[in-house]
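These notes are about the structure you will find just below.
Order as written gives the chain letters A, B, C and D; numbering starts at 1 within each chain.
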Amino acid sequence: MCRWLAYVGNPQSLYDILYSSSHSVVMQSLASTEGAEPTNGDGFGVGWYSTGIAEPALYRTVEPAWHDKNMSDMSKHIQASTIFAHVRAASPTCGYVQQTNCHPFRYQNWLFMHNGVIRSFKLIKRDLMLRIDPALFKYIEGTTDSETFFYLALTFGLQEDPPAAMAKTVAFIDKVAREISGAANPIQMTVCVTDGMTNQMWAFRYSSEAQSGEGQSRSLYYSSDKAAILKLHPDSKASQFSDEARFVVSEPLGTIPGVWNKVPESSCVVVNGGSIEILPFEPLAQ
Amino acid sequence: MCRWLAYVGNPQSLYDILYSSSHSVVMQSLASTEGAEPTNGDGFGVGWYSTGIAEPALYRTVEPAWHDKNMSDMSKHIQASTIFAHVRAASPTCGYVQQTNCHPFRYQNWLFMHNGVIRSFKLIKRDLMLRIDPALFKYIEGTTDSETFFYLALTFGLQEDPPAAMAKTVAFIDKVAREISGAANPIQMTVCVTDGMTNQMWAFRYSSEAQSGEGQSRSLYYSSDKAAILKLHPDSKASQFSDEARFVVSEPLGTIPGVWNKVPESSCVVVNGGSIEILPFEPLAQ
Amino acid sequence: MCRWLAYVGNPQSLYDILYSSSHSVVMQSLASTEGAEPTNGDGFGVGWYSTGIAEPALYRTVEPAWHDKNMSDMSKHIQASTIFAHVRAASPTCGYVQQTNCHPFRYQNWLFMHNGVIRSFKLIKRDLMLRIDPALFKYIEGTTDSETFFYLALTFGLQEDPPAAMAKTVAFIDKVAREISGAANPIQMTVCVTDGMTNQMWAFRYSSEAQSGEGQSRSLYYSSDKAAILKLHPDSKASQFSDEARFVVSEPLGTIPGVWNKVPESSCVVVNGGSIEILPFEPLAQ
Amino acid sequence: MCRWLAYVGNPQSLYDILYSSSHSVVMQSLASTEGAEPTNGDGFGVGWYSTGIAEPALYRTVEPAWHDKNMSDMSKHIQASTIFAHVRAASPTCGYVQQTNCHPFRYQNWLFMHNGVIRSFKLIKRDLMLRIDPALFKYIEGTTDSETFFYLALTFGLQEDPPAAMAKTVAFIDKVAREISGAANPIQMTVCVTDGMTNQMWAFRYSSEAQSGEGQSRSLYYSSDKAAILKLHPDSKASQFSDEARFVVSEPLGTIPGVWNKVPESSCVVVNGGSIEILPFEPLAQ
């Protein structure tokens, strides 16, 4: 379910980031090669930050990304240095195909997007929602497991310490699901969050089935740094990017060797001004 | 906010019920004359019952009713003896324009539609939702005050005794709103519900401002019986209807005198096999 | 590009015809196995006939069939004895994803749907449109090659003699394309048409590349008659159909052997009150 | 039918131009005060130019402007020095509510938008389309009178001399309509075009009924220059604009006196680097 892309670096046109690669995230909406299913045609969302405006722009549509004319047209006219994009494959658990169920989700200056599922979500939705900070409750606009996940993470302190908040959130969801629904592998996820202000973003790869040895988490990759890529491919498109530019993506955007690095299971990728740090990620029960 | 129509009687084509009057509910989407605003272009919904199927059909679209081609085209091909239709004007309180926020709302064999508003809804939404039967919680698909209203009514026994359940629900919402948000006139409503099985439907007209003498409830009318109409207008279209056929509507569908009767403030209209009973309606605190 | 289904027989619910098979046309929108591509998510259309109304009902939406809630919900409430359904994969040649570009197309009591392409359509569109009967020109609502094809066929006498009109139309398109654009294999098609009134329908399988030995036409199948199916599979669902019931489909709706028969290259299938006649089809230059 | 806005001047956010006025063009979608009808809810389009890209960006949606979330959200993040916006009220003549029928229309670096109607369009559409330069024919994407108008104007030399091309186009349409359909007042229009490259734009106000003394053309206004406005209203928002900034609009965006000037009947407004020239406009038969 779903594929996503996150970019931080020097300003690029949305077109270059979303469309111009041979296996771009928009292409992945029609023909994903590593996703849980090939078609991600149940919604398309793009969020980006502009200088001087804390709240990111948000464009979300239920049209499949592959035939959306508005973004493909406007994308050449919009530049940003932090860009999130997501193509959705809805499951019965994820709920209706509607704008408010499209990723990324936004709260103030934060963006959040998710690939995966909270299993038995309908059975535990009420219990999860009750745990959300009452002051945040009114900002929930859709019906997905992913948006509930985001508001739980905000409740557990995402704005102060993203890795810690995510660890607590995952532990909480896991606990509720096991207690109430008896779901065997409650959580499957890659998640990406950013505050858009510090050239930082945090990406997570985790799943209950990977923990239990019964399966794998959704695929996740980060890009090599510019110098390494140019050394291998002196004539590549890498030259348009700054030294600090980095991607984190569900699937490689192309097939050039040496560019895309697999994120290991149960990890948090911290991108910070061009540096990449891979931290172990595990749920933190409270 | 919003206009609606309910019909119970002998089978009619959806076209005849929704489109063929001079001031049809579809016309009211573009040019309502008695609504809180003239334009009701934020969603269109139709529900109807078919012989032998308990669950009614539901067609809901975010397209303004006046330019929806699918229903205008299909309507000549579909007949039903119980028909609900609703055109929506969304307010910031009512939330996003999306299919799941369009009326009527459905639970099993029940339909519910609402014209009006729960004031300060965002502030009290969490408290209202907590009161909904946990077993029903997972069926909520949208984000409106109206859908929350419906699930509260189900929680308070709508399926057993519609007028009593509505009286309890209104009292509950009124109490929560006054306590938490301090809203002066929390409830403005006309509501219609049916179970689709007994030629019965229940319509309600009520508002806090009418109770307090500070305003009026949304407009509501019921149609005269066939014999009375034919006596006044022997050549009218009334002859296509059975003796038991009745409409309850936000606005008269035409201007012929003697056909449309205003529902008084704070009333419940019980339509039952052609008979119309007007009961007083008031909140029932528990 | 595209997959379609046509049914003529005793009245069936749209749900049974469109959704209830293991490899239904709606499933084919997400995962076609014999189409030019697996995803047919660029539009969904259903046309059907009702007793006493010559003009068929038409429901068309740009939503992918697999997540369209309105038809999946209404389909249990609507019965018809002649049903056309189509899921679209738009190509750059086919044009925008919009309601008016969704199949089936309708003119008076006729329905038409197409799977395939007129190659170099943009280059020859003007010349094709000039040949359309000027009295019909104003009924064209969309921008596809398929709709132009339909109006040319009407111009060449579709309402009088469908096979002859199609033979002339294909010859005309082929000639114009070769002369103006130099396209090597101008036409790829399966097409289905009906007048909805005589239990007749006509399906065509043809392509320039099959003619020239350079490729195959789009896949096409017709169903065996009820007696033959019940002989093989006494307990099958076939018992709900009348002796006259027949399907013509882009792909078999299931995997039971003996039910689905491949339509040969360059053929016209004439379905007439349960009988199936396979005629050779070839362009008829004038 | 329809309302529009055009802006040329120093770069402004789309938000400031489209949303921030008391009677903004988005407000006019719901409650126009001078239009042929109050509601313009059948489509919303925005076009704008970015430095270094000849082809303007185009965003068009069938959602009513008043509830479109994407543009209202993105508009704070996008700046442009030439901006066109249009809210549509479709008539049966204008055709389907679909993206390709939303204004502005674009050809290469040109934008065109229209408020009004070509009467009897369906009857004369084929004759009008035959006159379009065959090389341009394939670029037509929708079905409206307005888009046909645009492609005729391009055929008559819009890119070389906009006022002359418009004069020839109007004369041609007028002649064809009178000859073929006998329509009494074939043309009603305000039109705006720009090439986006020279700080120039051309707006036209004309109608057959104004010519014949039987009615008026659609309303049209241009803004006063900055100095004049600041003299009257020293504290106004005018200070954020450059001396060259000018609006041409269907309706004034606010009620401050001295800002909005009515364009006389049968005129062409030439905006050129802040100067406004009002030329007489009349059809030029050939």
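One rule holds for everything that comes next: a residue touches a chain if its C-beta (ideal position, glycine included) is under 8 Å from a C-beta of that chain, and two chains touch if they have at least 3 such contacts.
Since the model is a prediction, treat every value here as computed from it, not as a measurement.
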{"item": "Numbering shared by both copies at the subunit B-subunit A contact, with half separating same from different", "value": "same"}
{"item": "Geometric centre distance via CA averages, subunit C-subunit B, whole Å", "value": "40"}
{"item": "Residues within subunit D bordering two or more other chains", "value": "69, 96, 99"}
{"item": "Chain-level touch network, classified as line, ring, star, complete or other", "value": "complete"}
{"item": "Contact footprint of subunit D on subunit A as seen in their complex", "value": "48, 50, 53, 57-61, 69-70, 73-74, 76-78, 99"}
{"item": "List of subunit B residues in touch with subunit D within their complex", "value": "30-31, 38-39, 41-42, 62-64, 67, 69, 90, 96-97"}
{"item": "Residues on subunit B engaged by subunit A in the complex (per definition of touch)", "value": "95-96, 98-100, 122-123, 125-126, 129-130, 134, 137-138, 140-143"}
